[in-house]
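Next up: the structures, one after another.
Shared between the two complexes below is subunit A, which pairs with subunit B and subunit C, respectively.
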Partner chain A sequence: MSAKTAVLPARPASARRRARVTDLVAPEWLKLWPPWYTAAASAAVVVLSVVIAQHDPNPYHFDAPAWLVPMLAAGLLGAHTVVTEHATGLLRSTLIAVPDRRRLVAVKAAVIVGVTAALGLVLAYADIGIPRPATAGAVTPRQIAACVALGPVCGLVGMAVAALVRHLAATATGVCAVLGALPLFLQPKQNRWEHDVSNALPYYSWSRLASDSGTMTVPVAWGTLAAWAVAAFLITFVVLDRRDV
Partner chain B sequence: MNTTVVTATTAANIGITDRARFRDLVAAEWVKIRGQRWPCFLAAFCVLWDAFAAWSSARHVSFPPGAANSFNPLIYPFDDTAWSLLAVLAATFGALSVAGEYSSGLIRSTFVAVPARGRVVAAKALVVAVCAACVGLACSAAALPIAGSELAGKLTGLGPTGPGVPIAVVASALLLVISSLIGMAIGALVRHPAGAVTAAWSALLFVPELLGSGSVNLPAAAEGMPVQLWTAISHTQPQSPQPAPLAPAPVAWLLFAAWPMISVAVTVWVVRRRDV
Partner chain C sequence: MASALRVAPGMYAGYAAGPMAWGEVTSAGRRGEPAEAANVAPVIETNELTKRFKNVTAVDGLTFTVQPGRVTGFLGPNGSGKSTTLRMILGLNEPTHGSALIDGHRFRDAGTGLRRVGALLDAGDVHKGRSAHTHLMALARSNGIGKRRVQRVLEEVGLSAVARRRVGGYSLGMRQRLGIATALLGDPPVLIFDEPINGLDPEGIRWARELFRQLAAEGRTVFVSSHLMSEMEHTADHLIVIGGGKLLADESLATFADRAPKPAAATVPAVPTVAPGALEAAFMSLTADSVEFRAGDLP
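Showing the complex of A and B:
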């Protein structure tokens, strides 16, 4: 009998012990993009935003209300990658395959950052392509950079909301409330605290950078956007690492 | 086995001899809502939010001497921003009451128990509408005295018999009813909880905002949105450089009646036609 016992071949010297980053990115990408609705929803968001921007009577590029739709879309996309794993139970299989939760969160965030940044870039150039009166002025690199940064910020915020809430409907409510309703309810033209609080929202920081509206300085606006992204990433990182699934 | 007994039992079981009364359906739908925790939290949040908003909007009001008469006191307890959030939350409630059943699979058991889908939807719409109306009345009951006490000595007319107060209270309760029924229609169309919630927030908050802010230049469509109709019916809006377009009151009442009827019709039609 012992002669028939199968012996596993020795691990070749070149075999990797640790998964490469691409091995982790590939499944996250497969979970996010191939389902038909991701690409369809992204295309619908692009078309809808461009149509809204075309009908915008304000004579400048990157008018903030027209960008509410892509902000929400990026946030929901980020929330989707986390909350559907909780809702379907896929997260348990994912964590058995990749027990290093921190690397998993980092890779998930990287995929979302890439997709939403691409969305922001496409929308920025679509907005530039819309004819505006000459008073709109030339588009500066800072404006385009702000549009590209806006998507990842919203996507990471969506991931953080989903990691905290974990429930489908409540997550959607949370993302709509934080990214959509707060900037509509708090506006930087009322009293002092409302002015300060609303300036701390990504919507107004971004619109300071992209369309020169508002009272912030440029470094403060960039800092606010960066703070949202970092805080959201850390929340997802810590919550998913610490809480049981 | 006695065939007659079996036949009679079967007939009773499938409801031939004793047709389910509408009251039973309403009771079942009420249990489904009452049996969950989140509707209670949502209702409590709505009342607290509206009380806070009334206090906050009436807190720092001051008028130049003699100018108080030109202000409508109803803009403080019935603040547009505060009530548009209430409308969205009512729509979320309506959407989840339908989409939640589809996502949990409870809808299959419901339709096995009661194959008459139209009656189920009617009973659910009744329960949802009554809940929303009660929350709306509670919000008004909280907001009016709070705003009245904050404005004491500056403005009058926020008592229960003040000019326009009864109509504003009724219209506010109806606003939440209409929003929750729109939410039900969205829930029946979308069926997925996250999708339904997003669609409800878009339909009742983001689309009217885009229409009203001038970012999409369609004033006629902005006039027809539920919160704008409510503003037109219940009170005039505060003075602002960019006033939202408002429909005349008779048209507003007509559209106010049309929204819930169309919503319920859509819900019934979709639920009856589509497979579960």
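Showing the complex of A and C:
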């Protein structure tokens, strides 16, 4: 035996403890990005959205086009948590550490929902409070809640696209297509089917809740956002649970 | 080899006290297992294990058992199904037919895994933009393992001095050391290594050999895949050999060696004979002052 080879000291059995929920969440946060980077990227998204929102003539509504930026940011962040694990092979190391795939997906989704909801909340106040402080008090709780819900919906959609596609560039393209391009191509003012399909997009559901635009009812708009979130989570859940890696 | 090892009895006190019950860290009830599972020997068992990819049968009805307390070599030519078998054992691939169990349970059913099984499958299974320290910390935190243990395994594999550097800048040998550190992180009773010495320098190869033998001497189940017969000669007590996805041999090293045919008349000039281990010892002596990453070094 080499004189330099050390013997691994055994940890006494008493030093072992059960993994707690925070133990499962913490590594996903570590892996999301170095936290300063997440904070800097989030700040950039907020500033960009606020700058775009300055051009909105209506002081009581959130500027829908300005919110495309955080929608894409949340979607790409969600996709990032899944696609980088696939693309780098890290997923195999992760699944040896946490073999229960359902638990892993649930924890990843929880982290993304938390981060993007916080981003939505900050952005909601920044969007109205910074450019139009005089009208900030007129914003309703429903509008704020819609802004908070939008990020998690987009984050979960990003995770689902990444789980299906797995390739970095194709995933980014897919997220931009679903969350950014579809609302631009399918607008409610055109023919009937386009009207119905566009109303089923998260962007227009959110617009109805946050900007009072569109014809759908408030419950239908909430239901649409919830359906996207649930469907996206289930896709990620089922695909990652069944796939060989 | 084994006789040269200095292995202190009872070194792995945690394991000597009995491996963890399978369901200990899992959510209560759903996958929890009875406490008597703690007394089951931590063997790896496959039963008629089969994997088909469309029209290709990568693994075909493999049945074997890997026992604790010895190094079991897993041999086979390239494409014989070794890595696929290991992935099925670790729950990364779903068998088409049959089963792969560790300690009597599917590994996929465990909530957290590092304290049950340590594995190095591919040194590249890491985010190249993160440091070794961040990579290990993330995995350790998911299993409730502390910072000190991370530091300890980094020292053990000789990477503590470069632990804050991005893994993307590591050589293959350094990544292999990081992979071995990952496997050791949870101090597990079962260890699985897929081609672990690829890219290691002679000092690293010697260290890895001794580490595997020491882990086995502590009573752990050590399963090492390789296609290098010469390496297994120095490491393994028992061999499982596959070819074309089928089991060819499951026997001790000595029994397997007896299969060697009598040497035929030489058709090419023979390589000059040297004493066993002399070449490696000469290399180690010559390069002793220039080894950059030495296992067991303190920072």
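Here are a few things to note about the model shown:
We adopt the following convention: the second predicted complex is superposed on the first by the 211 of 245 C-alpha atoms of A that agree within 3 Å, B and C clash if a C-alpha of one lies under 4 Å from a C-alpha of the other, contacts with A are read in each partner's own complex, and residues count from 1 in each chain.
One rule holds for everything that comes next: a contact is a pair of C-beta atoms (placed from the backbone, for glycine too) under 8 Å apart; a residue touches a chain by one contact, two chains touch by 3 or more.
Note that the structure is predicted; figures quoted are calculated from it, not measured.
Contacts of A:Leu90 after superposition on the shared chain: subunit C is touched, whereas subunit B is not. Contacts of A:Cys176 after superposition on the shared chain: subunit B is touched, whereas subunit C is not.
Residue contacts after overlaying the shared chain place A:Asn191 against subunit B, while subunit C stays out of touching range.
When the two complexes are overlaid on their common chain A, residue A:Asp244 makes contact with subunit C while staying clear of subunit B. Contacts of A:Arg102 after superposition on the shared chain: neither subunit B nor subunit C is touched.
Set against each other, subunit B and subunit C differ in how many residues of subunit A they touch, and the higher count belongs to C.
Across the complex, subunit C is touched by residues 1-2, 4-13, 15-20, 23-24, 26-27, 30-31, 34, 84, 88-101, 103, 242, 244-245 of subunit A.
Taken in their complex, subunit C has these residues touching subunit A: 4-6, 8, 11-18, 20, 24-27, 31, 87, 90-94, 107-115, 117, 119, 121-122, 124-128, 130, 134-135, 137-139, 141-144, 149, 152-153, 155-156, 182, 184, 187, 203, 206-207, 210-211, 214, 294-297.
By the touch criterion given at the top, residues 52, 55-58, 63, 65-66, 68-69, 72, 76, 79-80, 83, 168-173, 175-176, 180-181, 184-185, 191 of subunit A touch subunit B in their complex.
Only residues 38, 60, 81, 85, 88, 92, 96, 99-100, 103, 192-198, 201-202, 205-206, 209-210, 213-218 of subunit B touch subunit A when the two sit together in their complex.
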